[in-house]
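Notes to accompany the following structure.
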Amino acid sequence: MDYRDEAWAALKRLRERSPLVHSITNYVSMDITANALLAIGAAPAMVHAVEEVEEFVGLADALVVNIGTLSPEWVRAMHLAAARAGSLGKPWVLDPVGAGATRYRTDTARDLAERKPTVIRGNASEIMALAGAANATRGVDSAHSASEALESARALARQLGCVVAVTGAVDYVTDGARTLSVSNGVAMMTRVTALGCSATALVAAFAAVHEDRLLATAGALGVLGVAGEVAARDWAGPGTFRVRLLDALYMFDAEAMKVMRIANV
Amino acid sequence: MDYRDEAWAALKRLRERSPLVHSITNYVSMDITANALLAIGAAPAMVHAVEEVEEFVGLADALVVNIGTLSPEWVRAMHLAAARAGSLGKPWVLDPVGAGATRYRTDTARDLAERKPTVIRGNASEIMALAGAANATRGVDSAHSASEALESARALARQLGCVVAVTGAVDYVTDGARTLSVSNGVAMMTRVTALGCSATALVAAFAAVHEDRLLATAGALGVLGVAGEVAARDWAGPGTFRVRLLDALYMFDAEAMKVMRIANV
Amino acid sequence: MDYRDEAWAALKRLRERSPLVHSITNYVSMDITANALLAIGAAPAMVHAVEEVEEFVGLADALVVNIGTLSPEWVRAMHLAAARAGSLGKPWVLDPVGAGATRYRTDTARDLAERKPTVIRGNASEIMALAGAANATRGVDSAHSASEALESARALARQLGCVVAVTGAVDYVTDGARTLSVSNGVAMMTRVTALGCSATALVAAFAAVHEDRLLATAGALGVLGVAGEVAARDWAGPGTFRVRLLDALYMFDAEAMKVMRIANV
């Protein structure tokens, strides 16, 4: 299978259907996440009240549960929304931001993971913390490389029956049996806040239009990585880079797709 | 009356007085809303605690109540603030984001509307949901064109004694008797998050400096639409477009005003 | 002492160590604050739940407590975090946004100030309100110039044994005995939301790597001011200016340092 063709087909479908991505996500990431979803062709909606999350999941094509900024009331809403997505068979993606940094964060991430998300996307430390392998998160940054977390990711994927993505300089995506690597992106992406959260949201949008969630996840990460490379083509500090990244998602075409590097591991 | 002259006079007054716009608005829109208000010459303040909203309304020149991201505590604050604005005779603008999408959202929007806002601004589906005409919101996007919602807008305006704006490819602004159309803006505006919310905030700023709220509303929408046209003059993806839109609001001058198209309907 | 050399040394250390800045800050400022910290070389984390703030302070190198968007639950978290930072001897910076505007805000700011922050940074009206000298805040903008607030700042610094920074066209930084002025920055900085909040976060990052907090504070304010001057070199509306400001923080080099103007008062 040519993974690029699959990713391109998924992106075209995404732009035709404009999936509604219900995002329960952190305050820091809301602006860039919504704009990244709009730029790629999806429709974002940020809805978090316990009073309405379940009903809203019924309208959405996919759900994001991102624990970046937590509070007990939001955690309740996350559980309600995840349960409803599960019962409706809608894809939902867990972003365990900062798992491993505090007990509250690790416990919340693990409790949500037990609801069997369709995909989990985190950095190496977060995935290792979720898998019980390490408590090595520094704030919300990873203290490990993605490859170090690969075995944890595979174990977690098998245990939960889901896809796990560990993102870093190289991204790894696994369902426990198959593993893909995505070798796109640039270092400047670590100097713009919430691009990991935006990656999670793009994964949800792709999962809404592609049944093979391993490929959907790799495709979404590849698209973001390539957009990063396009944004970095001429010199750009992090302010300019962020602007161009949104432009690149919007412009993403068959030509851009050619530099996507997805491979079997 | 030349509507452009009126709008231009209002904008000049806005820049002289720099009205303080108290915004109880959603998390997604806070950055762009505050920056749009600053760019046009107003002063934003986001204050939502039940403990202080009433006191803060007393300091403000106008109030925005935007229900984009709801929770019961915020809804309480919205009611307190709206009631105080009403009793002080200060203009306040309701943005019923996502009315029609969930019962909680529709009920909240209707309850707030009963407090008789000065202006209501929404997309077609939201205005129709508020008027009881339809339940046709898809997430926070409209499933209807603005012209389809015009009768709902007129009925709502007459019922509540307020101005109602339905925004879309063409915007309509009505007080139930008079109706104006604003034919500015570009499609790219739908690819940047929270420009509808920003429109609502600009309406509040204009309403603070112009007694005729029908004209104030049309003028604010016209200014944002023209700024969108200026921002789109050279090619721009949504990242670049958003940046230029803020620049265009700041630079808005008599020359830009010439392309504003406000007409009687 | 050459203050520029000190500031440059601090910036180099900041970039080597990448201090983790735990920010309990307002919703409006989260995106720009996180991006400003990343641009200069620090690591931001926004964590506010009562359930985890104390544990997170233990991981952080500095703490920001910014009262821009208040609620009782967040105020509880602010107190817990500030107390923990105090007991661990970690620097923490208080930003009393809007102190003087409402009683809730003034009281909250004063209660937090009693926990003896390492640094307080505010505009003139906020510092005067905190010192009990005036109730003259207009929303979140200052109704006074920084120099008018200097005596209040000195009194407050002596009373609390902390550094107090009053920012404005010229910034003043005092520990009650010594006072420095920082004469950088451009007027366009008042047209971009939350640059004051971003200044506070940069102060925290500098305080994490420099023991002399008077100098650390002046250095941080100088860096932001110079970055503003760089961003304004060619014409820029507030949208473009904000983008270039982040670029300028990232690029900040010995050449940029040459225009920093820190002086004894």
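Just so it is clear, A, B and C label the chains in written order, and each chain counts residues from 1 on its own.
Just so it is clear, a residue touches a chain if its C-beta (ideal position, glycine included) is under 8 Å from a C-beta of that chain, and two chains touch if they have at least 3 such contacts.
Because the structure is predicted, anything quoted here is derived from the model rather than measured.
Because contacts link each chain to all the remaining chains, their graph is best described as complete.
Because chain A and chain C share one sequence, their contact can be compared position by position; here under half of the interface residue numbers appear on both sides. Each chain gets a centre from the mean of its Cα atoms; for chain A and chain C, those two points are 32 Å apart. Across the assembly, chain A contributes residues 27, 31, 242-243 that each touch 2 or more other chains. Those residues of chain A whose C-beta lies close enough to touch chain B in the complex are 20, 22, 27, 30-31, 34-35, 38-39, 43-49, 51-52, 55-56, 59-60, 73, 242-251. Residues 26-28, 31-32, 68-72, 98, 101-105, 138-141, 190-194, 236-240, 242-243 of chain C are the ones touching chain B in the complex.
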